[in-house]
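Look for chain A in each of the two complexes below; its partner is chain B in the first and chain C in the second.
Presenting the complex of A and B:
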């Protein structure tokens, strides 16, 4: 609004209060109690909600990783392997899939996951043979390290 | 891409299954550990705490559980009635005689995560002191969970041929 003179400017009052209040209340609409309607209560709740959401972004990474690990553990137990054995043998076979991808494969690509579990099991057996055998047996096939340099 | 088989597969993935567990000569703690995994749904790759993916578990022969060590005499179950002077302590033997399913039930209840889903999961646990199961539950059973402890055989359960075939470790 264009106020053309000083007296008009001095007599003007806030005219867009509704929209300023709505900017805050729109984030509080799903809250419980009066703090989803009353501005004074909503301001405090919305600020706390934003602070919690900012801090939770760091916890979300931890939570999701724990969830992936639970899912991979469930899927690998279906194939007869425990999670530490599965992950360590997969890494020793230079299969560097992260836990997110392994969890997604376990859900949506069960046959692929089964073959990964078989690979880990085979590498585990080769590790046992290398540790317990006397070196007279041939080295394992999946124990060979591929150098990319 | 929609297809009728994919819908059926998804229904099967999210269905609630019924598992059987025989608790004869098993330690109740290991029984509880095996059932808690199934009740929570942690044996499924689609597990999530909020998605209610737990299954039913039926435990039979809870009267024949086997504590290790001297726990039958030494393990104490405490409770309080809420009234003054109402602190009750019973040994495992006394509790087992009063209610043959109570030990396993308490073990499972205390091993479950302490959240609001615990009561729902306890409702999906079915305990029976003996082999006898109601027909409608027996019809639902899908698979048996392997027993956590390998039950050793008593000396009189070995045949004389097996005893004779056992290698002599020392000569008396």
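Presenting the complex of A and C:
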């Protein structure tokens, strides 16, 4: 005769519990305290660690850009220019180096950075001269002198 | 008969000095354009001669590649976080060069340098996947958790040479 349902004394029990626990504990081995040994505490810590690393990957980009900006500001102040003036004048002279490159050049190629700062300074001065124009008063309409002949 | 107050003031004498008479930046005087052009031509000629004579040491270049800018020299390894449609061992020429420099001179492109001026060659060495990055999203007390393991394809390139040719004008 064929038994269609399993008898009650037949249970399915976990045989690889050790490896399932090690999968989680291997990520917790460098933690401090009992959470690097005890599974119950480690599960919570490992999950928080993963979530934090996921969010940090998005914020790393913002953080690095702020770091580059700080470094470029420091380097351009050494050459007598402020950061907004430096960046805007470089972009107006069609030099499209990004902030990561400018920070690297400021650290490892100081002569090149000095020449870039000089370029930005010269473009700034040309901008000032262009803004001043001819130096004459603009022709008004109501302040024109009307001649009666 | 209308007369402007400014023109009468100019006729009388000096205009009163206010905060808006002169611009807030210090007055600048640019050097004479003819002299400057001569000086520029001299400098360009000197740099051209230096390049032609080969009096430069190690060259570095800033290259725009894979939507990123890289500062590279020769014998240099680069890893991109995406796929390149070239087999391992293929030689590649990088065309978008923004800056080339040596110890004594730099050539700054606006924004790119000409293709007949610089030549950057690289070889594809390795195409692998990145280490498995774990993405977990979890909201406490809301029974919400997702786990995803991402491996990005990566390509490793070795920069063989950076060459410049004396065709400045």
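In this section, the second predicted complex is superposed on the first by the 118 of 149 C-alpha atoms of A that agree within 3 Å, B and C clash if a C-alpha of one lies under 4 Å from a C-alpha of the other, contacts with A are read in each partner's own complex, and residues count from 1 in each chain.
We take it that a residue touches a chain if its C-beta (ideal position, glycine included) is under 8 Å from a C-beta of that chain, and two chains touch if they have at least 3 such contacts.
The shown structure was predicted, so the numbers you read here are calculated from the model rather than taken from an experiment.
**Q** What's your read, chain B or chain C touching more residues of chain A?
**A** With both complexes superposed on chain A, more residues of chain A are touched by C.
**Q** Is A:139 contacted by the first partner chain B, the second partner chain C, both or neither?
**A** Neither partner.
**Q** Regarding the shared-chain residue A:103, is it in contact with chain B (first), chain C (second), both, or neither?
**A** first
**Q** Based on the superposed arrangement, let me know which partner A:111 touches: chain B (first), chain C (second), both, or neither?
**A** second
**Q** Touch test for A:23: chain B only (first), chain C only (second), both, or neither?
**A** neither
**Q** Touch test for A:71: chain B only (first), chain C only (second), both, or neither?
**A** After superposition on chain A, A:71 lies in contact with chain B alone.
**Q** Show which residues of chain A lie in contact with chain C when the two form their complex.
**A** Against chain C, chain A makes touches at 47, 50-51, 53-54, 57, 93-98, 100-101, 104-105, 108-109, 111-112, 115-116, 119, 125-126, 128-129, 131-132, 137, 140, 142-146, 148.
**Q** Please output the residues of chain B touching chain A within their complex, sorted ascending.
**A** Touch residues, chain B against chain A: 42-48.
**Q** Chain B touches which residues of chain A in the complex?
**A** 67, 70-75, 77-78, 103, 106-107
**Q** What residues of chain C sit close enough to touch chain A in their complex?
**A** Interface residues on chain C, with respect to chain A: 1-7, 23, 25, 28, 30, 60, 62, 69, 71, 98-99, 101, 103, 106, 108-111, 133-138, 145, 147.
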